[in-house]
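After this come two complexes, each holding chain A, first together with chain B and then together with chain C.
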Partner chain A sequence: MKITINRDNFSSGLQQVLNLVPTKPQMPILGNVLIVTEDDGIALTTTNLDLGIRCRIKAEVSEPGQITLPVRRLANIVRELPHSEVSFETDDDHQAKLRSGGSSFKVMGIGEEEFPALSTLESEQTVVLPQLELADMLRSVSYAQSADESRFILNGVYFKLSDQKLTVVATDGRRLAVHSKEIEQGGEKEGSFILPAKTVAELLRQLNRDDNITITFTERQAAFEIGVGKESGGLLGNVYMVSKIVEGSYPNYQQVIPKETHQRIKLERELLLQCIHRAALVTSEKSNTVKMEISPNHLEISARSAEFGEAHESIAIQYDGPKIAAAFNPVFLMDPLKALPQDDVFFEIKDDLSPGVFKTLDDFLCVVMPLRLN
Partner chain B sequence: MTKSSVQATSSPSSRKIIHIDMDCFYAAIECRDDPSVAHLPVGVGGESGRGVLTTCNYRAREFGCHSAMPVFKARQLCPQIILKPVRFEAYRAEARKIRAIFARYTKLIEPLSLDEAFLDVTGHPEFAWKIARQIRQAIREETGLTASAGIAPNKMLAKIASDWRKPDGQFAVLPKDIATFMKDLPVRKLWGIGPKSAALLEEQGVRTCGDLQEWPIPRLIGFFGQKWGNTLHELARGKDERPVEIHRPRKSLSTEMTLPKNLETLEECEALLPELLETLEEDMTRMIERKPFRKIFLKLKFADFRTTTCERPATNLDRSAFAELLREAFGRHAEAVRLVGLGVRFPEAVEVPNKQLVFPFFDR
Partner chain C sequence: MNQNRFVTDKVNILSHKPPFAVAHFDADAFFTSVEQAADRRLRNRPVAVGGGRRGIIACASYEARAKGIYTPMPTSQARQRCPELIILPGRFELYEEFSQNVFGLCRDITPTVEQTSIDEGYLDLTSTQGTNPSHIIKRLRKLDEDILGWLKITVSQGLGANKLISQIASKLHKPHGFMAVPAGRERAFLATLPLQNLPGIGPRTLQRLTDCGFARIGDLLTCPQEELQPILGKRTEPIRQMARGEDDRRILPEAPPAQSMSQQKTFAADQEEEAVVCREAKILLADLLTRLREQNKQARTLSLRLRYCDWETSERHESLDEPSDLESDFLPLLPSLLRRCWQRRVRIRLLAVKLDNFYPSFEQTKLWPDQTSRRRKLARAMDQINHQYGPHTLHHGFRFP
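What follows is the complex of A and B.
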């Protein structure tokens, strides 16, 4: 193969696919990027067997071909090349020669036949939506995923398609975040899958362009075609990701969402976040608790620990119901507040042993279980 | 911030405390499980180790046998005594059943060992006398064992009272009777007064708590030291404000021996180690839940009443390690030794964090 390619395009293409490659891959081939020539450019593919990603970048192809090369090493070299035009050619011994200005590199590769192919999903289960909307949805729930590997079902975000709506859900058993959105294209479909946490993180990294994303899923895998938009930096068409999904059935999360609203207060999101953050400064590992106490026109957020002392924060609210207090892990309160874009949030509370619920005017809610004070 | 012990919120003077003491607990279980020996003198223990009775039934007590008595001596007093091996697992199982019975009446239960506990029933509407009777009846019906109970406004009096109508009886010290009750109570019955202190007091002409009440505080402090002197002033008047504590995390477990004659040499002290070690091991077996310890320690009290303690990290009871501690402690003062003690220290109880509640699906 023989191509000429812009250094910065090549570099940004490699950055797209680099992230999921482990620094110490279990097989040498998994540390490599598959480079395949196409009509108007090259396709770059990496995989860790759970998750694979492919992007296309513009290049002048004078001789078609393919090769795999160590992706991290290659990315370092390409980024440092002295001239913006790079000529790239391979020989039969799986070696690549790069020339740019006065630099010339020879990089040892591995035959492309060893590279595990990414699957293309044949499925009716397809939904299309603007990728920035999906990014918002994922950001508003992904912090609630469980990191406890013994609860592998919860180590991901649950995607559910039904009633013209896409719903994303995450929970670690102590808090639950749910966000739904009406879907125009493909909303009539029904189905669900659990996307592993690592794929969610990679997806969030990719979803930053003003273009659509197409989601396709089967019983074993989910694929994402992420449009690259207009300002593409040499990227062509779309970025393709295919991921295994978490096998098993997601818990019936709806049962933990309180059916009734007892007391609701409206709060400025930023202000509430700052107050909880400050109060939490006196908490310790042993007493990682903030108390939320609402009384007529007043919300008090307080925290104390034997080691450090006490904190009290006051916020004026519109409220004329009974006095209610409950204690929460401050992180569980701050996470949704950090992730949401809205200026205002609603907080619902019933008593000290019932969950607190954040809501927004969108179809979002976050249920947080309290701490029982000893 | 959170204190791991929960205390009665009522004012001390109005408390209702019950002390439940099982009658010859281990021996009673052995007799219940082997009715063929129930009417005979039965001792528990003595099979292994240095051969002392852990306990014995009332039939054997009639012959003068008692707990901690060497087996050979028990056999001299009562040649027909039947010895049963110790079965701590069986005793623990019964202790758990009995605690479940207590829990029907109060949450404030302070177990002292497998066979006795303090209950604070101040919050219960029923008379403490009636509660004690119901508890003893439930114990009899559900385990086939008998218990004695003491009822009083504080722990010290309740414990003394449970001994008053033993076995299978109960006795109450009412607040109005405390003064009379204390007047004639031998000082030996007070919490913390052992045979040696009792003998010392006897030399001073003190036999009853009434006698001790005559002593002004400075004299008590002069005799017993600051802390203990003040405490005794209260105890001798039947006052004891210690709350019934439900989780009293045990920080250490130890055993000690006050010697009949002060010991002058290291070798004499060393010769005591096997017996002390065996007692310590036995005491550890009796804990309702065995837990690992992290340190061992050795304490010496010298003829001039100075006390020294040596300790080191350890996770098992190794005699040579105690011997090394003894050498170190012994070298600290050039005085004869009047008391040797051994013990283990348990890890500090961690502060209990607030409990994070979880969704119901997460529990399953």
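What follows is the complex of A and C.
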């Protein structure tokens, strides 16, 4: 294998695939990147067995071949090379030689046959949508995923495809965030899967280009082809991610969404977020709660702790219903407000012990369960 | 009982000016007085409240004290010394009820009442209208009459310019005593009293001071400070300050919330069966958790203390990741905690269970009811049944031997 490649392109390609490689991999091969030559460039692949990622970058290939090299070490070397043109060649002993200007490196690798291949999914169940839209949807729900490993079903985001609609859902049993979007494509496609939290995080890192994403899924895996757009930085075609999905059935989330609209108030998202954030400054580990008191034309947010004192925040609102006072974990209120891009949000509540529901005009909702103060 | 004690003291006080407005009161032999108030047949007889065969006397009536019974005397010894002694097991709910009534009457004369124990407290009378000493004494007399007339128990009262003086004064003429120390006369009042009247002077310090020739509180001030330094060390100045009758502690109307909750059991016979001790620990813990839920608190740390039959003690604790008020969270900790605590192959005589590291009881409601919320609901239902139909109407199976 012999290629010539631009240093910055090589470096950005390695950065694309580096993130999911653990610092101390279980097997040495999982700390390596698989480099395979193609017609107009090379493909870089890494995997941690749960999640794999492949990207392609431009390069001049004079001799085809493949090798695996320790990805973190290689990325550090490439980034520091002195000249923008890098020549890269391998020998039969799984060694790679890099030359750039006056620098030359010899890096020990492992044979490519050791590398676990990424599977290519063949499924009818596909959906295509602009990646920035999916990024918005995921950001608006991902904070609600559970981190409690004993409830592994909830350690991810639930994707549901039905009625020409893609819905993403996350919950930790105390709050639930749901975001839906119409999908512009025909066909009677239905199905669902739970994407693990780590894949969600990696996907969110990748979804930043003005291009489409194609999601394909089977009963065991989900794959994402992420278009690289025009400003590609040497990237070619798609970034391909394939991930295991969480096996099991997701709880029936629709049954816990309050069906009727009771009292609804419109709020400026930023203002509400700031008020809750300020009130929460006096909360403590032992009393982590803020109270929302809604009365005609007035919303008061207050917090109190024996250790620090108390805080009161007032917001003028349009409201003429009954007085309601409910207590919430401030983090559960702030998370959706931080994640949403809209200027205004709607807050719905029935009574002191009923869940609070944030909604936007974009088919988003977040149910937050209250705290019962005994 | 001195019927005219208010009158005689009044004469002394009226010649002096206020402010002396802190009253201390202390119920006389409280537990036995309550028993005697509740049962006419016990009056004028030697009565004690205390534990069974192995326990100690927790409180002795004045009739019993006259026969040499004191607290804490082992019950067996008390029986030997006074065979006609009536020993009662103790009805703490009744004592708490009486205590609440006593403090309720105190709050009728001033809102600023500090409860320091079940039967002791301070009243701040400075802030109430009329600081005229005769008015204050009138109020205290009214309180005394109300407590005696209504509850049939007696209290001893002391009146002074601060907590220290009023507390010492109240203890001087027990039972049913009253003593007022006029403002400005604190030092003179203390000077002639024996050293042990001063709080903070325990038996050991007393012994050392007596050995060095000190007998009265006044002696602590007449000698140079350097002489006291080797005996009292760092406490020299605070103790001299007290000897001068100075005390700037404020009256705190609300007692600071309890930092821990504990319950103990002395076995009738030294115990060697792990199963029996573990069952006893479970019972103690279940009782504590009921109290915890009553107070709307949750705890994170469980401690176990045991005393071997040679009186050596051992203590271990363990904390939950998240605070709880449920048996299902704490009970599984007990067997391993007991094994870690009970290291010596020696029988044990006493077992104590303690909960601390308290949190206010917030319950994060869940979208889908989970096991914890169901268990909490069950615990509250059980508590309610036991509250309504009497303790242990419904209880856990481990209470059966």
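The rule we apply is simple: the second predicted complex is superposed on the first by the 371 of 374 C-alpha atoms of A that agree within 3 Å, B and C clash if a C-alpha of one lies under 4 Å from a C-alpha of the other, contacts with A are read in each partner's own complex, and residues count from 1 in each chain.
In this section, a residue touches a chain if its C-beta (ideal position, glycine included) is under 8 Å from a C-beta of that chain, and two chains touch if they have at least 3 such contacts.
Since we're looking at a predicted model, the values are computed, not measured.
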| task | Give one word, clash or fit, describing how chain B and chain C relate on chain A after superposing. | result | clash
| task | Check the residue A:L273 against both partner chains and state whether it touches chain B (first), chain C (second), both, or neither. | result | neither
| said: Let me test your reading of the model: by the given contact rule, A:A177 touches which partner, first (chain B), second (chain C), both or neither? | reply: neither
| field | Touching partner for A:L371 - first (chain B), second (chain C), both, neither | value | both
| request: For A:L353, select first, second, both or neither according to whether it touches chain B, chain C, the two together, or no partner. | output: both
| Once the shared chain is lined up, is A:R304 touching chain B (first), chain C (second), both, or neither of them? | first
| Which one of 6-14, 96-104, 132-140 or 222-230 is the stretch of chain C that crashes into chain B? | 96-104
| message | On chain A, which stretch or stretches are contacted by chain B in one complex as well as by chain C in the other? | response | 171, 173-174, 176, 251, 256, 286-289, 327, 329, 353, 355, 369-374
| task | Note which residues of chain C are touching chain A in the complex, please. | result | 296, 359-368, 370
| Contact set on chain A toward chain B in their complex | 151, 171, 173-174, 176, 251-253, 255-256, 286-289, 304-306, 327, 329, 353, 355, 369-374
| field | Parts of chain A lying in touch with chain C, wherever the complex brings them together | value | 171, 173-176, 251, 256, 286-289, 327, 329, 353, 355, 367, 369-374
| query | What residues of chain B sit close enough to touch chain A in their complex? | reply | 1-2, 350-362
